[in-house]
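Take a look at the structure below.
Chain nomenclature is as follows: A, B, C, D and E, assigned in order of appearance, with residue numbering initiated at 1 for each chain independently.
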Amino acid sequence: MTMDMVSAILVSGLVLGSVYALMASGLSLVWTTLGIFNFAHGSLMALGAYFAWTMSDAAGLNLWLGAGVAVAVAGMVGVGILIERTVIRPFYDDKDILLITVMTTLAVMIFLEKGIQLLWGARLKQLEPLAPGRVNLLGTTISAQETLIVVLAPLLLGGLWVFLRYSNIGRGIRAVGQNPAAAKLIGVDVSKLFILTFALSAALAGLTGILLGSVRFITPTFGAEPLVKALIIVIFGGLGSLSGTIAAAYIIGVVEAVLIFFVGIYWAPSMLFALLIAVLMLRPQGLFGKSVR
Amino acid sequence: MPASFNLKTLAIAAVLILGLLVPVVIEDTYIRHLFIIAFIYAIVAASWDLSLGYAGVFNFGHVAFFGVGVYTTALCAKLLGIDPWIAMLLGGAAASAAAAIVALPVVRLQGIYVVLVTFAFSQLVLQFVISQSQITGGTQGLVRVPTIELFGYNFLRDYKFGYYYVAFALLVISTLCLRYITRTDFGLSIRALRDNEDYSLARGIPIGLQRLKVLMASAFFAGIAGGFFAIYLRVASPEVFNFSTMALILSMVLVGGTSSIYGPVIAALVLTFISEGLANVNGLSEGRFMLVAVAMVLVLLFFPKGLISIIDRWPRGRGARRPD
Amino acid sequence: MTNPQRALEIENLYAGYDAFDVLNGMSLHVGASERVGLFGPNGHGKTTLLNAVSKLIRPRSGSVRFMGENLEQRSPQDIVAMGLVHVSQANRLFPDMEIMETLELAAYTPRARKQRKANLEHVLDLFPRLAERRRQEAKTLSGGERQMLSIGVGLMCAPRMLMLDEPTLGLSPKLKDELAAAIGKISAEGIPLLLIEQDIAFVLSLVDRMYLIDHGEITREVERGGAVDHEEIMDMYFGGHASS
Amino acid sequence: MNMRKMGKWGLALLAASALSVAFANAQEKVAKIGVLAPMTGGAAADGNEMVNGARLAVEEINAAGGIAGYTFEVVVGDTQDQAADTVTSAFERLAGDRDINVMMTGYASGSNFEIELMAEQEMPYIISANAAQTRDIIAPNPDDFPTVWSISPSYDAYETAMVPVIQQLLDGGALELPNKKVALISSDNPYSKTIMEGLQKNFEDAGWEVTSADLLPFGEINDWRAFLAGVRQAAPSVIINTDYLPGNAATFMTQFLEQPTKSLVFIQYAPSVPEFLELTKDRATGVVYNMLGGVLDTPQNPRAAEVVEKYKAKYGSAPGVYGPALYEQVYLYADALAKVGDSTDRLAIGKAIGETEKQIAAGVLRFDPQTHLAVQGEDAIPIQFFQIWDGKRELFYPARYATEEFQTPPWMK
Amino acid sequence: MDHSTHEAPLLEVRNIERRFGALVAVNDVSFAVPAGQVFGIAGPNGSGKSTLFNVMTGIPFGPSAGKVLLEGREIQSLRAHEISRAGIARTFQKDAEFGTLSAFENAYAGAVYCAGLSGAQAREEAHKALDDVGLSNDRRDKAAGDLTVFERKQLMIASAIAGRPRILLLDEPAAGLTRPEVSDLAELIRTVNGRGVTILLIEHVLPLLLSVSQHLLILNHGAVIASGKPAEVVRDPQVVEAYLGKREAAL
């Protein structure tokens, strides 16, 4: 293998891994804190991209893209709060909450996808890249936008990590996830943090959508494929561990790039699924996972 | 008991007679077609209820079993020249076999992992079907699937009169079988498993084996329904694996009411007709899916036992949710 | 009704889980700087009482007043913010969080935040072992260390009253002594204390007054100076059999 | 129209509508045209265009007083995601309307299986979908499908025309290529795959070296870099991508231009879709594609410009393939109805459609009785080669219709 | 009366151990239960009593080391449901019923899957078990989750004995009961024992434990600290210390 190939695979894996990490960490955050699995995460991603498109594109309001991003992220926070209030909150005390919220978030997903299609139509759209041009990374040329993703993803995730680790609210979120009763006993408003977490995750999904929407094309369902990958990653990483999730995202990104290179793009997804099932047979709690919630 | 039993028997008989009369009264091929499609979905939804509602296995690969039935039947009938009736049975058998494969990881896993693995499995099946395009026709599907024949009766030019009865018979038989299964000792054991896994073990119920059996049984009916779907439409195409198909049928199970078998059947009929009705109303063709989504959430909020709980009040099913 | 001299006043409290009550009309009080023990066999409602006071479960009826204020409409976080702090039994705390993180987090309410630095020093002073293990995750701690962290967390909440639930559960006698000393120090600062314990000697060494609890009711109150002997306690546990 | 459809759901309404139909019949006859189109789901944009095209023609005809005593009306059947059951539902709903004696579509299903349903009911059916699928269904027994006609011509030219066109460019000096190497890539769908395999054979027969012929899974493809890395190593002078999804094609161009090689880039179908240009903007300049049965918009075929202008005037945007196609389909039916005079004589209508010979937006239309496809050829429906230049599609082959000369793409200079 | 010296043990636990990482929850525990006895187990919170039941039945995990013998046959490596079928029926502190199944079905499930009966025989066995525990006929069609606390205790014992076990493992059956109900439960345990079912009983409500047990074993920190006749065991200073702490004290 030449250095060229290695760097091409590595760069490709980095790009994939960055997107997956952003996507999966949002999912994982909600899972660890609220104990629910949000199947609408992919459509939230699409929604964020459409918000930003409407704000910034010539066909929409033609604002500066930065403003578009800001408004979109703010919008996502609102949407996140709304979703938590309407389809998750009512079921917190139900012992079947896991299954019920799988279904309600599926319903949200359908609702969002169809709603997006009604509002924006089915034609492909693309966001102007935040960073135009190309960049040479490790001897492989990729678009500056992809470089931006590779750079921004660790920054965002790092920011998330710092927030969760050092801020009072962030620690509160982790505490709620690890032991809600003990969190209540130190004065944490658990229900407030639930909303906050969900809103944060929605904002993260929206931001992922915006970043990806300037590399790929936006369609109402363009979050579906990364969502499926993110699901795999969350399992691989072991539910409930953010760092495990992020590590798994980059590993899967690189594994996928390697698979694409050696067995072709054709069989790569199937092999990923097969690998996933195999891992779960051997380690039902995931690669880095600790316990099943 | 006896009073409600009589009433129930009466109601069932009435429904059966009504069902038999439909094609006699309704000559519109389109309405007959909708009934047939609704019946097929009803079988899929009701059989899903067996594993999801009764056994509490968060099986999200059920539509993949349906798809396995569709393709197995289509391939057997078209490429191998097997009699379509038999091919339909083979569709059911293949779906059961697929379920056995899924069961391998699933019996060892819990909760959300089961959702994710079964979901991943259905993606894998889809990929497999698409990749084997030499045989399956890939993304374009498989056309000109041979259709059934019964004592020389031609199903093709009777305005779906014959198909209606075949679909109706399949629905009645599978509903009876499913109801029967839920009432056997096996049915009892899977409900016990759903209620309390550890306690089931303590009463000698083998969790893995029962899960395997229930997945295979529920997949069998989905596979048969898939087989008939392929035979009736004479085409097998990968859209059957679509997420929207899964969402639609799942909403039938939920809106109808889990652990009831009848609930999903009724919901399949209602939702098929409502959704088709809305499709023809200007401006709602896209919005109807949104309405169904809203309906799903509303039902979960206000009728957690499904719409069936409005009709039938006897204490059964997911009922008796403990106040803890 | 309200007695301003009392930190905690519980009247006729009913609470429980599922369909049945564990507390059957419990009434007790803790004075303004009093240390009160609660003693009784397992499964008789001691922990349920604390859970009901801190609103981890909803009481069915009865009233709870803290510093004269009725807690009926208060949420768990309100109650902590008011300074009524419950250190729960065998607390797993936050298994993946380090000791220092946990302690810093525990000063969560605005009032506690203001005192964070001072309280932290105080806690580390009280439990030097926690200072030694400051970067260790809670799940890796021994039982005794976990109890210390639990109490430390309670202190970080800036308590105006502490409710401790079996702090010595599963500890060796040596650790029990250490813990008793620490709790003694805390109560010496004038913080009122409600202490649940199985270890009668441990309780008696720390409190001014003690309630005996049986089947969700107070069966006896022992004032300081009143005698309690083992026979009586064993009777409570074993019915008539121990002394027969 | 929708009121009447709703009438099916209630007896009273049914009676009322029956009455109104009877009343209407006394004055004039209505010939309803069933249009199968994806009105919801990912292909809704195509579906809308189909319906727009049909409505445009219907309004014109009605405004001109109708045909043979009939006025036309469009009834839409939503094929949604083109799944078999939804297509069948749409078909049955339309077929149940006794005033519908013709159906048409751009495409209805992935497999064109509905052709069989049409044939069973002797329903006149005009289709512009994948000609290979259509031929596979019809060609074995063309007599079983007397009413089904495809205005898409045979796709064979997609495989055979490429090598001669390139040769012609080379011979004419419009193009210089350093070697006779070609790299092919396709996604795994019968349309793209068949074309790629055909091209491979044709190139090899003409003495070219095929450096790669890769197959990707069908669907969204976000990473062409593995293929392009191979391309950069082999440095073929021609790169052909037969995947037809516009989004994929746009990604392909973007990633190709990150490190372009001096190769002619050809992409199947996708560049003809309006959004390809929107997505790629100036990056598309120099790309070559070809088209069978598309709009032959050149001064030599004024019909095309006329249809396109009318469409633009009414709907405010330029149509792709399906608007003009459905527009022409309605006129095909109108001609046949004029000839037969009775909309319910389906076999006669079908026969009349099959006998069509006329200039349409795509060229000169006549049908091959063996396959029921439109005949392909320079004097029939020609294959058109386009090059995109500054956001415009320039037709450069066949020469007699050409609007512009072929130019060397910017990255090859 | 103490039968233990005369009869061969029905159930024997030898040097059983269960670790969770560094924590030893059950530490080298051995004991033997003669057929026909009520064998009591007590100990402070967290002393490893329920873990002991878990490793004996394999629900949800088996022992890290040691042997469990039922009538001399090693069963610790059997799968959980096989252990149940071999004749060890256990109950749980919480959720010891199938909530949505009727009371009758709860008992019937035991008869079918533990005793291996079917049809009329299983139904008869289930009703017999319900008769034995005294759950009234008109309550048998109710969903188990809708029964009262005491009825659920009755049901949990009924569904266990419907499986015709050799030995019944009861885990804190008195939790959540009122005082009068506790004496009813004691009566019930004696009745069941009187029908020849050996019982292993974990209980916090010590009066109950002492009134029904013929033998008492005390666990502390996962290890046996005393074992013998109940009246003697409760006076053992080690036991007193485990429960009450070390020193004599007065306020």
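Here is the rule we use: contacts are C-beta pairs under 8 Å (C-beta built on N, C-alpha and C of every residue); 3 or more make two chains touch, one makes a residue touch a chain.
What you see is a predicted model; the values in this text were computed from it and never measured.
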Would you mind checking the shortest number of contact hops between chain A and chain B? 1
Going by average Cα coordinates, which chain is farthest removed from chain E? D
Would you mind pulling out the distance in Å between where the CA atoms of chain C average out and where those of chain E do? 32
CA centroid of chain B to CA centroid of chain D, Å: 37
Taking each chain's mean CA coordinate, chain D and chain E are separated, in whole Å, by 76
I'd like to verify one number: the distance from the centre of chain A to the centre of chain E, where each centre is the average of its C-alpha atoms, in whole angstrom. 49
Interface hub residues of chain C, defined as touching at least two other chains: 17-19
Quick check: what residues of chain D touch more than one other chain, meaning two or more? 40, 44, 188, 217
Junction residues of chain B, two or more chains touched: 127, 131, 244, 286, 289, 321-322, 324
Which residues, counting only chain B, touch chain E once they are in their complex? 185, 188-189, 191-192, 194-196, 198-207, 259, 315, 317-322
The answer for chain D against chain B in the complex is residues 2, 5-6, 8-9, 39-40, 44, 78, 81-85, 88-89, 92-93, 95-96, 109-113, 116, 120, 130, 133, 137, 188-191, 193, 217-219
Chain C contact footprint on chain A (complex, rising order): 165, 168, 171-172, 174-175, 178-179, 181-190
Complex contact set, residues of chain C against chain A: 54-56, 75-77, 80-81, 85-88, 91-97, 101, 104-106, 108-109, 112-113, 153, 156-157
Of all residues in chain D, which touch chain A in the complex? 40-45, 188, 214-217, 220-223, 225-226, 229, 246-247, 250-251, 254, 258-259, 275, 278-279
